[in-house]
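Two complexes, one shared chain (chain A), two partners (chain B, chain C).
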Partner chain A sequence: MKYLYYPGCSAESTGKAYDISTRTVMEKLGVELAELDDWNCCGATSYFSTREIDSFAIAARNLSIAQQQGDDDLCVICNACYTTLAKTNRYMAESAHVYEQVNGALNAVGRSYDGTKPVRHIMDVLINDVGLEAIESKVTRRLTGLKVAPYYGCQYSRPIGSFDDTEDPQTMDRFFEALGADVLTDFPAKLKCCGGMMMLTNADVALRLCHEILKSAKDMGADVIVAACPLCEMNMEGYQPRVNSAFGTDYNIPVMYFTQLAGLALGADPKQLGLGMQAVSCAPVLAAIPA
Partner chain B sequence: MPSGEKIKICQQCGTCTGSCPTSYLMDYGPREVIAAFRAGMIDKVVKSNTIWLCTSCYSCTVRCPANIKITDLMYELKRLAIKYDLLPKDSKNPAMTKYFIDNVSKYGRNHEVGLMAKFMLTKDWGMPFRFAGLGLKLFTAGRLPLAPKQIRGKEEIAKMSAYLDAQEAKAQ
Partner chain C sequence: MAEEKIGVYICHCGTNIAGKVDVEEVTRWAAEQPNVAVAREYKYMCSDPGQDLIKQDIQEHGITRAVVAACSPTMHEPTFRKAAGDGGLNPYLLQMANIREHCSWVTIDGDAATEKAKRILGAQIHRLPLNLPLEPIEVPVNPNVMVVGGGIAGIEAALKLAATGKKVYLVERDPSIGGHMAMFDKTFPTLDCAACILTPKMSAAGKEPNIEMLAYSEVTQVDGYVGNFKVKVTKKARYVDIDKCTGCALCTEACVVRKVPNEFDQGLSKRAAAYIPFPQAVPLKATLDPTRCLTLTGKKCKQPCVAACGPAAIDFDQKDEEIELEVGAIIMATGFQLWDPTPETRYSYGKLDNVISSLEFERISNASGPTGGHIVCKNGEPPKSVAILHCVGSRDENYQEFCSRVCCMYSLKFAHLIKEHLPETEVYECYIDMRTYGKGYEEFYKRLMDEGVHFIRGRAAEVSDVGLTPNEEGHLVVKVEDTLLGVTRRLPVDMVVLSSGLAPRADAKSTAQIFGFGCSANGFYLERHPKLEPVSTVTDGIFIAGCCQYPKDIPDTVAQAGAAAAGALALVDNATVKVEPTISYIDPEKCSGCHICVGLCPHAAIQYNEEKGVAEVIEAACKGCGVCVAACGSGVPQQRGYLDEQIFAEIEGALAL
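Up next, the complex of A and B:
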């Protein structure tokens, strides 16, 4: 099994551990990842605020490179990158105007793109291509008894919902059940917004949103929150101390990229998973998993 | 915005506002934004805090019974606000948006450290102090590289944008 791989900008800084653990997990599962050559920023949510067509054009540069580089699907780890790239395909298909403008811009730099490169979220690849049975068979350290709060984040299945439900996604629940965890399947904040980029511009609003998620996880008795997006992870984990000072709480809830926890179940060394890069220690999680 | 004409069939049901995580802080909730748009009073909305409180969570969009792409509309309004300089005085979002784009146009990728540094220096003097504890932790954990990564094709980003500028000028 082989995929082209788009790490995204966060994977080079705050989300480094997501990239490291993704590569480790995929290797353990025998999935080959070939990094997309000379990829650029997907544009994220900020780019849509300038000129819509620019955001599609820069996203399409990546997709055009992907088409050139090979026939494999493009696997993406960040929810926001995933949505931006998948949305570009969809809008190119829906609108002849978008299609023409994007190709005009690409032609100006000697490229073109027909709008058909499949963009896949890493969880989609794991569940639907690798398969839960195959994954379960490779588990060396079952997550028995570990209370996992699956946090999906907004742009996991919204707005497109191609591989999971937009209102009640289940894939991450099923994935961690396969790894033996005690998944908090009715975690009410699984889709609540973390505030995204607003943590930098309207911190009071974002802190409140994170507070609601953390409170919900604590009330459910979660041992760990798992995330599938660098921004969600950063907001819920890195800003936990600030949530505490803003709301007089004492949260100390480990937040991991879902690939980090999966890596542990698959027997990877914590160092190969970027553990220890977190501001909130994951040591309690490591201690809680039966050896 | 593909299928923007759909706002005509908004039923004013309020599902969008009810689904919005920040509507309680907005001067106008998403339902009111659509109403204002149709009444030709969009300038009020563009100047309000509403659009800058939209987190792009897409809750409204997936729930709207009329399939209106409300999140895309919020983006459209952000663009209008930036274009006509109708920004709320205390809003930091437009600056963040601008620096983000400058960053990507220059390097091809977003350099998070450079983005935050520029933002702090110009828009938020208090941020380095509030951010200090976390910043230090992230830095020592190797999560804040100081040098930006540059792509080989970085001039392509500017060229594509120049092409689209010319197209826009031609259309007007």
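Up next, the complex of A and C:
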């Protein structure tokens, strides 16, 4: 099983642990990842709001490279990158205008793109290509008794929902059930926005949104929140102390990339999973997993 | 081909056609076409002076064929064929050319529309010399009527027809008639008690000698045609002899299976496996639930119901019974189902206690409901605050795009009932727009504002139990944008009522198929014309009334039921009815007797004559669908009015500009 792999900017900085743990987990599962050559920023959410055609063009450059580099599907780990790249395909298919403008821009750098490269979320690959049975068979440390709050975030399934229900996604629940965890399937904040970039521009709003997610996880007695997006992880975990000082709370809830927790279940060394880089310690999670 | 004199009549339809098509140019062109003796245009051809043009030309100019280029034939073909008939021409020598729906309404460019109109008209001019005179077939009419569905619409239609002396079969799927209205507590805006106004009608229907009630029965097959329907009805086994049962309910008290969710109470209470759905049921007879009764599911039971039943009415050996009824007309009144709010996950229906649907609230507020009419939360305490969320599953492109019409009003009614039962309780109505369009409705809205209900203009974003402040802790929290104030609000409340929209019945499509008509895009039964024939269907003799056609309130439903009854009466009060002669026929000289058409005919209108060795069309049963025409390998069956050479001539006419 082979995929082209698009890590995205965050995975080289704040979200490095996501990249490290992804590579480890995929190796454990026998999935080969070939990093995309000379990739650039996907444009993320903010650029789309200000200069739409330009952002399609920079996303399409990545897809053009992917098409040239091989026939394997393009696997993406960050929710925002995933949505941005998939959206570019969709808009190019639906609008001749977008198609022409994007190719006009690509032609200027000697490239072109037809809008057809399949873009896959890493969870889509895990659930539908690798399969839950195969994953379960490779588990060496079942996450028995660990209360996992599956946090999907805004852009995991929305707006397209190509591999899960848009308003009530279930794949992460099923994934961690296969790893033996006690999944909090009714986690009410699983789709709530973490605030995203607002943490930098309007922190009051973003802190309040994180407060709600953390409160909800705490109410349900979660041992750990798992995330599939570097920005979500940073907001919920890195800003936890600020949420505490803003709202007089005492949250100390570990937040992990879902690949980090999956890696532990698959028997990976914590060092191979980028653990220890967080502000909120994951030590209680490690201690809670039966050996 | 004999020399024919064709009259061409082109309608402007105001600006509907003339606004796009150059009618003068089409008229000039038509006048030059072969066989055309006269070509005229007129502003509204369907008006009396317009129709008179055709009659005059037949009488004064000896026109032998005519074509009207106007709207769809489903709209005005009968009008113009009648005019031709009045003028002395066989009506089937007149054709329609649809240059409105097929041309002016759907073409952007005026020149293109004009060219297209010529081709559509040319097709008919070219086929007209081949038209043959036809005579309508006259068949007898069965005076009986069937009403399907025993809610307020069906009851009303059945009572109206019975009062004229007609025999009515009232078929209801559930053990009792009454429908949704029987579940309600009060009705808006007058606050009449629903039971007080419905029960007398139910009882009257039960006692009316002209109504044969077939409760707990379903229609499985419909054959025949206008005036002469043959309907198969399955009377489901109640396992109770209804002639002996007195409705005393002693069996329900004796039954050992007591935890069956009560459908009538939306599952909020339990009933026994032997049950009478509600105290005012008509017919007031017990039913044994075949999926829950221990004996009927093959388990051990001492059968205390048998011991309790004085008249020995219980009969475990009863079987479903299929009967066949003959009726002249059918009224469909199969109602709606509440839109299930489960898919709208952000409102947490089914996940959080005290988030309830509107029908559940109806039962909770009903004196004969599961809480005896006390408005209480799951823990038995009255709520100190309630939020009522409008437009759940309605006006939402993810679910149902349409407005369900009744939800604003029933939501106001709920608010009133809460204020009446619990004056201290705060009530919030979260709405998109208030739609209070009926008689006395806006006044009711005003009254509720005076009663101190909080109206928040904004569709609720979500309902959760995550309280962020001491105020919110332990409550449901409704997040909503107040679009009048421009702020986001969090409402801590004890109960959330989801004002769900009305949805088509899950089996609406398959039911419509059984009866031979269709559904609109939104899933409700399709009426023949949205404005002028709202209670007819495309199948002659089958009418629709009530919420099976589209969501509507009780006054509109009752009015429609009366209209449907009048429509049915206007048909079955006649001794005979004329049916279209455009049906198929089989030339016995050419038929090889291969049987292919016999099996394919969807209306069982073709029989095989053993003696002659050929297939024969039963004229009265044929609906002119054309399946046999298309299926026959030798091209033997032909459909009158749609002969092969006529259709080919149309095609040639359309292409030969």
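Side notes on the structure shown:
Keep this in mind: the second predicted complex is superposed on the first by the 291 of 291 C-alpha atoms of A that agree within 3 Å, B and C clash if a C-alpha of one lies under 4 Å from a C-alpha of the other, contacts with A are read in each partner's own complex, and residues count from 1 in each chain.
One rule holds for everything that comes next: a contact is a pair of C-beta atoms (placed from the backbone, for glycine too) under 8 Å apart; a residue touches a chain by one contact, two chains touch by 3 or more.
Keep in mind it's a predicted model, so treat the numbers as computed, not measured.
Once the two complexes are laid over each other on the shared chain, residue contacts for A:16 go to chain B alone; chain C is not touched. After overlaying the two complexes on the shared chain, residue contacts for A:182 are found with neither chain B nor chain C. Shared-chain residue A:136: touches no atom of chain B or chain C. When both complexes are overlaid on chain A, the residue A:154 reaches chain B alone and has no touch with chain C. In the superposed model, B is the one of chain B and chain C that contacts more residues of chain A. Of the two partner chains placed by the overlay, chain B and chain C both lie in contact with A:167. Of the two partner chains, neither chain B nor chain C is touched by A:27.
In the superposed model, A:73 lies in contact with neither chain B nor chain C. Chain A residues in contact with chain B (one complex) as well as with chain C (other complex) are 167.
Chain C meets chain A in the complex at residues 343-346, 348, 351, 464-468. Remark: chain B residues 1-3, 21-22, 25, 52-53, 55-59, 61-63, 69, 71-72, 75-76, 78-79, 82, 91-93, 96-97, 100-101, 104, 108-113, 116, 119, 127, 130, 133-134, 137-138, 141-145, 149, 151-154, 156-157, 159-164, 167-168 touch chain A in the complex. On chain A, the positions that touch chain C within their shared complex are 167-168, 186, 188-189, 208, 211-212, 215-216, 219, 247. For chain A in complex with chain B, the touching residues are 9-10, 12-17, 38-41, 43-54, 57-58, 61, 83, 91, 94-95, 97-98, 101, 104-106, 108-109, 111, 154-155, 158-159, 161, 166-167, 192-193, 195-198, 200-203, 205, 209, 238-239, 241-242, 276-279.
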